[in-house]
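One chain, chain A, links the two complexes that follow: it is found with chain B in the first and with chain C in the second.
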Partner chain A sequence: MSGRPGFGRLLLSELTKLYSVRRWSIALLAAPVLTVLAGLLVAASSAPGSPDTTVAGPDGGWVRDRFHFVHRPLTGDGSLTVRVASSALELTVPEADGGAARAREVERTVWAKTGLMLKDGLRPGARYAAVMLVPGHGVRLQSNFTGDIAGPAAGAPAWLRLTRTGSAIAAFQSTDGTAWTRVGTVTIADLPPTVEVGPFVASPTGTAVVQRQFGSLRESRYPTSTRAVFERPALEPVAGPGSGGSPDGWRDDEVNDEATAPDAPGPPPNAPADKRPQSGPPPAAWTGDRLTLIGFGDIAPRPAPQDLVKNSLTGTYAGLLAIVAVAVLFVTSEYRRGMIRTTFAASPGRGRVLIAKAAVIGATAFVLGLVAGAVTLLLTRPILLRHGYAAPVYPDWTLTDPVVLRAVAGTAAVLAATAVFALALGAVLRRAAGAVATVLMLIVLPQLLAGALPSTAGQWLIRLTPPAGFSVQQTVPRYEQAPQLCMPENGCVYDQPWAGFAVIAVYALASTAAAVWLVRRRDA
Partner chain B sequence: MAESPARRSGVPIEVRGLRKRYRSTPAVDDLSFTVEPGKVTGFVGPNGAGKSTTMRIILGLDAPDAGTALVGGRPYRTLERPLRTVGALLDASAVHPGRSARNHLRWLAHSNAIPRRRVDEVLDLAGLASVGRRAVGGFSLGMRQRLGIAAALLGDPAVVIFDEPVNGLDLEGIQWIRGLLRSLAGDGRAVLVSSHLMSELQDSADHLLVIGRGRLLADTSVRDLVATASGDRVAVRTGMRVEAMTTLAGAGAPTAITDDETVTVSGLPVERVVDLLTRGGVSFTGVSAHRATLEEAYMELTRDAVEFSSGDDGRPGR
Partner chain C sequence: MSTVHAIHAEWTKLRTVASTPWLLLAAVAVTVGISAAATAAAGSRACPDPAACLDDLARLGLTGAQYGQALVVVLAVLVIGEEYGTRSIGVSLAAVPGRWRLYLAKAVVLTGVVAAAGSLGVIGSLLAARHFLPGTALGAANPGQSLSPTAEPVLRAAYGTVLYLALVALLSYGVAAVLRDTAGAIATMLVLLYVAPILTSVVTDPRWLRRIDRIAPMSAGLKIQATTALDSLTSSPWQGLGVLGLWAAGALLAGLLALQFRDA
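Coming up: the complex of A and B.
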């Protein structure tokens, strides 16, 4: 007699079991159908808001682009050097929201930017590269809204230098103006020969979670301003009079995506104050070669207000319930009727049997999830486009975009892991009712309870229970330099999409290990 | 059917010093026996005697507290393709009602790398060929028993274990089972079949294991069991009971007064009783011989072991 039949035989055996009960097949096929229908429902009833601006960056993404810029043209290669003497953030949090103590917490979410900018004109959304000091985040070389290179952990006072060589922009930092450290180099494609260069200041809005009555949470926003002092701005090659560090030849503008039509020129140089946007900062102030600049706003990618892919995949919850029910019954029905004895008499390697079962239900759930996700997104995309979800606020996407692929494959993986978890729990409890109720409670209850609990407890409840897995459906990119609050109220469980999958994967592995151990140990 | 190596290797079933308790109730208590090839071995005992427990231990499903159970010289759980060595029917209703008989046999065949054609062969053998594609939920208990037997024979095993296979079968089914048991033993297979009723086994079993309260009460052939029972009795109808008793007791046979007119004597053939009474001058109106049945022998053996009025093996929730 040849050796034990291979694991493949066991898989075939369990596959035959799963597909030969008609009710289970119907329930399994219902999973993608429910997912698609729910997705269509969500898409049909959704509408985009009307955003304040639709300024797009060089790559077509929606961006913020507001800062105070003192600049002059630079033609061809050259470099600009300046000393940042100081940079101070002003931020007020009302007493009702926690006052000064809360202000220090909010400060940490603010990437105030003080430094040197090289930009393709003053049009909001235009190409740029900039080296800057960001309190709490050191020296950064940022470009075209999404690029961000971390340099030394220095703060003001410090020397900064930006050098253009063709399309390559290099950034340097120095503590004494003599010994320079390279921060990095970026390539900005399609830069014209003449660009605007000079000191700039941007000061984004701070955000905080504020707890209101009855435990409801709200994201509060606090505008900030940053006052920076620059010394001895020096442009090489010297272009015209006053380039050695005087008000002459430097122009003072606020770039503001929210106030200016995309193609309109900035306010004329030295325009009277009443011609500036009303909410603009006070004009730049020169004292010899000392420049004091106050800035508002931010230069950063803007996240889409809705995650269209995640919303379209909402129906996965409905599909999940059908899969959980079949996964549990797949094992508990054998215990209920004593068929498990037939199974274990035919295959005495009980751990192998359980793992074969898990593999079969997991693979089935994965395939169903892939089909459900892909079909849902293919069907909802044209509906959403018709409803006015358009670039740049809502970038168009296709199934083959990496983030969309991740959302679809990740959804399938979450279904698979949850199915394995449900199966293992069924093997541990040996009762369908108990196992189904436990899994459903773990999926549904955290969503309901989180609101009633204190915010931190609520967040961890959601982070540590299976629904966290659905964070793989997030497709709106997150950037370190544009921090967003991550809280259940805005649908965020983890910043990292796969972190949530890791949670459900741990559930699946731990419960399978427990089930294998128990099944081997117990009488069948 | 192909000759399987297990048929030639060692003792088909060998149980030694088996003990098993469920909580405080001993289900099997120091049980030892062997099952021989080419014979039908009946495994009888009242409900709750430990028959099913013993079978589950042999099949590696329950772990004994002490002792060993070997199949073809090996513990069941070390068998590589167990269905090709041992076929078992434990519980005919242990099938999913939504699955067809054919699919039930197919997953079993896959798990032990048994060729697909065996599925149709055993369906045919069990008389289920015409209903193979129907869901088992619509089967009668008798049809389920046949399906369980088909499943047991799927791997053409050298050892066959049936737990109460006659339950729920009609007369025709019972006849079929008896013929099947005989033919399986005739192929040289070892057949262990349990029942709580001796009458179900007396025509088909060659050998008997009688079990009560988890202990082995008899391990014997059918003929010997009848002989070791209280033996043959002769009832004498007479008006002279005291004289009859004296005369018969003088011959060394145990006697008893059964009623006003009857004296019963054990261990003496009818001819000898008539001879003794005639010689002793005891008049009698009638003599009748009473031969002990297997059933009576069994009842006598298990009289003290009947413990549970219901339930099969003392294990709750079976």
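Coming up: the complex of A and C.
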């Protein structure tokens, strides 16, 4: 052979090597089989809990919808203006959990909402648009639970205005009631001519991690309430008596998705106290044109309690271990048999040989991962549906949904990156036992060890080791306006799915660079 | 060659391989280190509500065995896997013609070495727990639990953990004898031990949780470490260790058959 062989020929020869060892082929084929079998086991042995509510928003997603609403009907176009004089959050954390210092930390997770609402009736889950003051997050224009537009960073006291023009709802904010700033405009489809408009207050439950029991983090929840004072609510055009700023014509209701009869308008029916997590707030109080309103609850999208796609793909761990073993052997067996000298004699560019090997094993792992992920999800979906995982709590999904595609392609990419990492480590250590054991321990142990370490140390252990890559399997959407705790116990490593993949990609790149450098320097 | 000679020869082989002392040292260090880290982390934790801090102190103090066992797996696999890797199995079988005798000798030496290292790990772990836990809120929340390894049930948890490590070693040894491949056997063993706990973290059906908990070698075998709340276990400590014993016996038998009836 004259000169250096082309990289294409190098790839072909490495591919032939990989596929001509029978036990490697068996192990490689075992990877998708193990993944699918473990996925089936997980699906067959999973059961949905019984959710406290099943209220769906306009787009069919599971939502929370509880707030205190003082409202009156508005027919056709019009606008509503109000001055929010004050808004105060009340939150108590027991001394045992850290008391007042802890309360300030929990407060940051609470998006307490005070503002103006335009809603298609009082049914929980009905369409709406609302402009609100959220302490710490400024003025927001939110709509239909998932929509959230950030406005100026203002707090109470402030003027707010909501204007309806057909299906377009515009929100404005002002510090003095004369100079107005537009917050944004949203279009709410299918809005009937008559809607309910008025001031509202919602005050979600705060969350914090309190570590109590060894090895298990507990998420503590602290109900809050918000007391807001509104002044001079003004509806245009004036409809009915006294809309200028008196109790006449305004009705006082609590929209509550946790109440037993959500369709009934008016005050929520009196359910037994033990069935109600929090009894209703005190009625709205008018003093002239000042309105004092106390609110509980939240208006926000709710994440599914279990990430079905991620859970179904848990078996990737088993498949990954088989691929890691082959990837390590792909290079260490050449060293063991002295074959590596023949390989390097035939292709003197040692770095290129290693890159070719990495490309071959990476591509193989990627294809196997795609097949394993797609087959697993196709098989587990009907099982999960049969087990009672149903909308709105668990929205239905298909393989072509962008997030599901991302989970499948991401799983394949994680397998490929891990295989490359294993190969490079094999080239560095040149011993199968050491390399396999090291990679596998890095994959498996952080999951177990995280539970035995203090929470912060455990979380960083998972964030910085290869299993972080599996965060790319997350499919439950996260919203800024509905903050959730990100804990390994909830299967959450990073909020951003691809951030975890970056971790394993760094492992793969760094180890490949080290391996290329060493293979060039060392005797074979 | 008698069995005693074969055992002596295997002992010489094992102790003269460079990796053996390192693996054993690492197994002891990992077991003691992680146990100590776990008890220190738990002991320094504030415990405002004693009822929420109920814990099995002996089990907590022996946490490290879950991780030290990985190194035991590597050692056990190397004992036979490397003979195939380097083709020295042919020489060994020529020297000890009774194949079962060679197999037995290796198993005896491996068990002895692992039991010795396991004992060191267990004693170190319990000493660390006795150092970190008394006087802390966690210790105060669990009165009446002694960490003295001379009294039941801590004694049972202690020697049970040594037995557990020995059985894991024998299981790995049997698997390696069947697969005749170091990397494959290590991968298989780590899947067998560690994937079940990852699966159970996403399984929600309690019946399946019980099933997996009773059958998986690690969760079943480690029940021997339980010293409190024994009735909440899915099977008794000795039954659990018995399940692991069945796994090990099956693997050993399969390995023996593979050695007897396949070309080396």
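We take it that the second predicted complex is superposed on the first by the 502 of 524 C-alpha atoms of A that agree within 3 Å, B and C clash if a C-alpha of one lies under 4 Å from a C-alpha of the other, contacts with A are read in each partner's own complex, and residues count from 1 in each chain.
Keep this in mind: a contact is a pair of C-beta atoms (placed from the backbone, for glycine too) under 8 Å apart; a residue touches a chain by one contact, two chains touch by 3 or more.
Worth saying up front: this structure is predicted, and the values here are computed from it rather than measured.
Asker: Sharing chain A, do chain B and chain C clash or fit in the superposition?
Answerer: fit
Asker: So, A:A158: does it touch chain B (first), chain C (second), both, or neither?
Answerer: Once the two structures are laid over each other on A, A:A158 reaches no partner at all.
Asker: A:R23 contacts which: chain B (first), chain C (second), both, neither?
Answerer: Touch partners of A:R23: chain B and chain C.
Asker: Kindly classify A:S45 by the partners it touches after superposition: chain B alone (first), chain C alone (second), both, or neither?
Answerer: A:S45 sits against chain C, while chain B stays out of touch.
Asker: Looking at the overlay, does A:L133 come into contact with chain B only (first), chain C only (second), both, or neither?
Answerer: In the superposition, A:L133 touches no partner, neither chain B nor chain C.
Asker: In the overlaid three-chain picture, which partner chain does A:L449 touch, first (chain B) or second (chain C), both, or neither?
Answerer: second
Asker: Angle chain B-chain A-chain C between C-alpha centres, in steps of 10 degrees?
Answerer: 50
Asker: Which one hits more chain A residues, chain B or chain C?
Answerer: Counted on chain A, the partner with more touching residues turns out to be C.
Asker: A:A322 contacts which: chain B (first), chain C (second), both, neither?
Answerer: second
Asker: Just chain B (first), just chain C (second), both, or neither: which does A:L293 touch?
Answerer: In the superposition, A:L293 contacts neither chain B nor chain C.
Asker: What is the minimum C-alpha distance, in Å, between chain B and chain C after the two complexes are superposed on chain A?
Answerer: Scanning every C-alpha pair, the shortest chain B to chain C distance is 11 Å.
Asker: Across the two complexes, what residues of chain A are contacted by chain B and by chain C?
Answerer: 23
Asker: Can you list the chain A residues touching chain B in their complex?
Answerer: Going through chain A, the ones touching chain B are 1-5, 9-10, 12-14, 16-17, 20-24, 333-334, 337-339, 341-348, 523-524.
Asker: Name, in rising order, each residue of chain B that touches chain A in their complex.
Answerer: Residue list for chain B touching chain A: 5, 56, 59-63, 76-84, 86, 88, 90-91, 93-96, 98-100, 103-104, 106-108, 110-113, 135, 151, 318.
Asker: Chain A touches which residues of chain C in the complex?
Answerer: Interface residues on chain C, with respect to chain A: 34, 37-38, 41-42, 45, 47-49, 52-53, 55, 60, 63, 66-67, 70-71, 73-74, 77-78, 81-82, 85, 138, 181-184, 186-187, 190-191, 194-195, 197-199, 201-205, 207-209, 212.
Asker: Flag every residue of chain A that touches chain C in the complex, lowest number first.
Answerer: Those in contact with chain C are residues 23, 27, 34, 38, 41-42, 44-49, 95-97, 211-214, 306, 310-311, 314-315, 317-318, 321-322, 324-325, 328-329, 332, 336, 432-433, 435-437, 440-441, 444-445, 447-449, 452-454, 457, 491.
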